[in-house]
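Letters A, B, C and D mark the chains in the order given here, with residues in each chain numbered from 1 onward.
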Amino acid sequence: MPTNKLITLAEAVRRYTWDGMQYASGAALPVGSDAIVFGRELLRQQRRELHAIFHANTQQLNLLAAAGAVTRAECGFSGLEGFGFANGLRRAIEQGRLVLEDFSNLAMALRLLGGALNWPFVPATVNIGSDLQYRRAFEPDVHPNPNKIPSVTDPFSGKQIGAFSPLRPDLAAIHVTLADPEGDAIMLGTEWSRFELSRAARRVVLLADAIVDTDCMRQYPNLVRIPGIVVEAVVYWPFAAWPQASPGMHDVDEAHMKAMNVALGSDDGTAAYIRDYVESYADLDGYLDLIGRETISELSNGATAFLLDPYRRWLLPHAEALALTAEAST
Amino acid sequence: MTTDYSRQEMMAIATGREIRDGELAIFGVGLSMLAGYFAQAHHAPGVRAMTEGGVYGARPVGGLPWGIECNRLAVNAVSFTSALDALGCLVASGRCDVGIIGAAQVDRFGNVNTTGIWDGPIGEIYRPPKTRLTGAGGANDIACGAKRYLIMVSHEPKRFVDRVSYVTSPGYLDGGDAREQVGLIGGGPSAIITTLGILRPDPQSREFQLDAYFPFSGAEEILSNTGWDLKVAADVRVVSEPSSEELAALRRVDETGMLRR
Amino acid sequence: MPTNKLITLAEAVRRYTWDGMQYASGAALPVGSDAIVFGRELLRQQRRELHAIFHANTQQLNLLAAAGAVTRAECGFSGLEGFGFANGLRRAIEQGRLVLEDFSNLAMALRLLGGALNWPFVPATVNIGSDLQYRRAFEPDVHPNPNKIPSVTDPFSGKQIGAFSPLRPDLAAIHVTLADPEGDAIMLGTEWSRFELSRAARRVVLLADAIVDTDCMRQYPNLVRIPGIVVEAVVYWPFAAWPQASPGMHDVDEAHMKAMNVALGSDDGTAAYIRDYVESYADLDGYLDLIGRETISELSNGATAFLLDPYRRWLLPHAEALALTAEAST
Amino acid sequence: MTTDYSRQEMMAIATGREIRDGELAIFGVGLSMLAGYFAQAHHAPGVRAMTEGGVYGARPVGGLPWGIECNRLAVNAVSFTSALDALGCLVASGRCDVGIIGAAQVDRFGNVNTTGIWDGPIGEIYRPPKTRLTGAGGANDIACGAKRYLIMVSHEPKRFVDRVSYVTSPGYLDGGDAREQVGLIGGGPSAIITTLGILRPDPQSREFQLDAYFPFSGAEEILSNTGWDLKVAADVRVVSEPSSEELAALRRVDETGMLRR
């Protein structure tokens, strides 16, 4: 039986987040698909003391860290790839406002897999032998630390390897390219670890660039790597990953990536950024105005736009997606 | 022969020369990708390149990608999978032939630090670094699992230290068979390629020594830019200059001229 | 650089198989996608003493077992679903000609995942406490057996769970719907465990219903769950899964499923089946004649044919796929 | 009310009544699927059904599927993933609310054998069964991980044994807290639904006892078809007949009339 799971972004944050929670997003890369606008809304609703689980840092974690909303974080990569260091995150770490537990990128994917499978531990053949194993930011006074990646004995060979702790975040906000109202979702571009995260999290909210008719999913069931049965709610929000890229949908906004990271490099800049790009819009249309209709048009006409072509016939018009959202919210 | 090339270009070409045709290779963003795609464009057309996000068969278009999920790579990939697939099934498994990683600091045993810079040793109690860096990313996984890997790093004394303050990606750890002792699957770093030359590990002690210098450098300059008593191989040699074919191939890949800045 | 990996079925079996090897296939279900024709060719080339790794039994394992080519097997499900018991396999087991090591379906998927990741063991929270753990057919005189699914201590809680042994078969013959000449492949229908198997096996040969231009893969990279870099060779062979189904391509051949299983229920029937359906054709066209052009047409016009529609424009014509095969073989 | 229904239909309807709206449910092929889709068609429209192959959102078309990869299910699915996903992430993880499995033999603690039939106990040395059955499939995974599961089985003395010769899918093992002792995540079998009635476990001993009989059966018939000294619950009751709505819904699902043969 079809269920309409579309709700507003504000409602999603109100309903599924709380201070002190384990919040996961960024099952993406610093330049790609991430539910960044969900982080903006977390700030608008003044969520605090978040324990952030990000497979890799993104501009979302960079912003949340700069704003002081995150006190603990775990991730595999803490930079911005070609855009350099993540100024908001690095300042928060250096100043001791945020404690970052370091793992590798594979370790984060495996820990999510372990959470998805509800394993008590996950075999670790990476991160062992390095300070990723011996230094534990959440337990800084024990060195070498035996609790972060403890040893486990392989019962077949008798040899020792490491063991990762699985992740079961309270909520995952996951960016997808296309979703239907029931929460069946298609990702274009690398999944990074969004598949594993969608099964590991206790609750999943999707941020979708576009809403499609379920017939799209029936035509391409092998593309639907996140079925609606694991999804709590769907938020329709084009450019949810902005200023990062959404393959097939839009390119990275290079100018904003740089300006945002410069802003997050200081307290004043962060305050200005929050004023101008977090608190300044009233709704989705206001958000799109803020990005700029011309910018949106330019970024949407990138070289990967052809990746979206097969699905265009099923895209619901903007007004219809908004109407479905309104309908489900009443 | 040409002398019109930058130190960065020499480093990229020397790195690319380490990659053989047909190998399964993993490239990161930036220098590593330039060196890898240079090899593919020049002498290793059958290199099977991937990124740690599980992007297969792609060649960058429109300039150097900003990241491994950049549309400049997504535009012509034949397959997108996941980090678990690329870093797990293909790299940590020991299957990947060669990886390339960068370093903020590297030490005599090829251990790499990309986590942070502290004011002195960290000490027994872990504390925030003075300068936080980018963390491990996939480099630790490459360092643990790849059959061999290459470290690309600018040759400066502050980067070449006796012992890194934090081992983000394991080289040979304390040397000798320390890697094997902790159970690592991969073979470890086969070379450190710098802006001045190439260091390779002694087969027994696993301590890195100077294997070759570039036409524009020499053992002396290298020693004075290395923070430990670097040994010089008995048969230390000079690396051949980039050929005009090599330079042309590299510059086709480095279309935005990143290496010439 | 594009490589043409297309070779003939006979050449694939000659090149990549040997007596006594660990041979994996059937990373599919008893009614669905399996590289069954590869098993027929194994019999044509008289391979013996195979150690079969099948996630679930299929008509391929049923046939190989009936023919006496398999002496050891490991699988999760040994029946034929709606088509009943697998007569060839069950007779071989009951007569002691084939030793079957039992696991569950999840266990087989996890063991393949463990092989793919090159883990020394895989955490087991299923199969524990039952005779799947305590009885080991490959070591029948030890009971309760501590070596099949030994216990491992979770270093975080101190509690015990089980440990599966990973699988690294010598060769996997994997059925896919579409492949390009480089070995990039698209599966329609459940993957079952073909993704994990394609990474766990030391070598992979694809059996593809159709060959497509690589542009198809560039349009649908998220569908390409098996990239060419893990593939040794590609065999073009429509109806490779016959009499089982290939979603999007053709339905199950109910009549042949039943007749085949009846035949495999006796030695005489098996001999007749091998004579009529294994040794009787000279090449691909002969094989298709054997199925019957009318049957092929009927089975191809099933209700799932629409699943193939998006890819039809890239399908290489039969003659072209054969020509590419001939070209690569010279 | 109607009396025109088969014992198999009563069993399927009684099983379907155990499934609640909105539950995450896993169905196998055959009877299990009929019971599950009957529930969806009748009183649980929001049941979130999947198969162990990772087929989501599908409803059978053109008759009962021959298998879980049958095109009769593939035709209208919204998602295809994998066994690892369905059986691992959604079932073994403890997330699935309810599963339905069949049995060749079941014992007083709800342990199920679908591996083989031996001539007597197997003994210390494992040996081939006289009659080989279908093995564990996904049933062991459901039995280990699902929050609860239902066993559907034809009520015959040879099937209802004191102790199954081979535990393929664990019920309550030796009873009491034996399941918890071996570390199983799921809650165990909540009911055995037969062609004659319904058995449920005692909350302490976990031994199955007769909870209800069907309108056409009775305690006596059930006891004489059970191979152990089956206890009868103090409040044993009669199951209500299928309503005409139930029968109509079931027969729409069972369009080939499998349950009326």
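The criterion applied here is as follows: contacts are C-beta pairs under 8 Å (C-beta built on N, C-alpha and C of every residue); 3 or more make two chains touch, one makes a residue touch a chain.
A quick map from chain label to UniProt name: A, C = CoA transferase subunit A; B, D = CoA synthetase.
These numbers were taken from a predicted model, which means no experiment stands behind them.
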Give the chains in contact with both subunit A and subunit B, ordered by label. C
Looking at chain pairs C-D and B-C, which one is connected by more C-beta pairs in contact? C-D
Taking each chain's centre as the mean of its Cα atoms, which chain lies farthest from subunit B? D
When the centre of a chain is set as the mean of its C-alpha atoms, what distance in Å lies between subunit B and subunit D? 56
Dist(centroid_CA(subunit A), centroid_CA(subunit C)) in Å evaluates to 37
Taking each chain's centre as its mean C-alpha position, how far apart are subunit C and subunit D in Å? 29
Between the Cα centroids of subunit B and subunit C the separation in whole angstrom comes to 39
When you check subunit A against every other chain, which residues touch at least two of them? 117-118, 125, 159, 161, 188-189, 191, 221-222, 225, 307
Residue ranges of subunit D touching at least 2 other chains are 74, 80-81, 88, 92, 185
Touch graph across the chains, line, ring, star, complete or other? other
What pairs of chains are touching here? A-B, A-C, A-D, B-C, C-D
If you look only at subunit A, which of its residues touch subunit B in the complex? 28-33, 55-57, 75-83, 85, 89-90, 93-96, 100, 102-110, 113, 125-132, 135-137, 140-141, 143, 159-161, 188-193, 195-196, 245, 247-248, 251-252, 254, 257, 302-304, 307
Subunit C - residues contacting subunit A, complex: 117-123, 125, 150-157, 159, 161, 163, 165, 186-189, 191, 219-223, 225, 306-307, 309-310
For subunit A, which residues are in contact with subunit D within the complex? 1, 3, 116-118, 180, 182, 184, 199, 214, 217-218, 221-222, 224-230
For subunit D, which residues count as touching subunit C in their complex? 29-30, 51-55, 61-62, 64-72, 74-75, 80-84, 87-88, 91-92, 111, 115, 122, 124-141, 143-145, 166-170, 173, 178-179, 182-185
Note which residues of subunit D are touching subunit A in the complex, please. 24, 45-46, 48, 50, 56-57, 74, 76-81, 85, 88-90, 92-95, 185
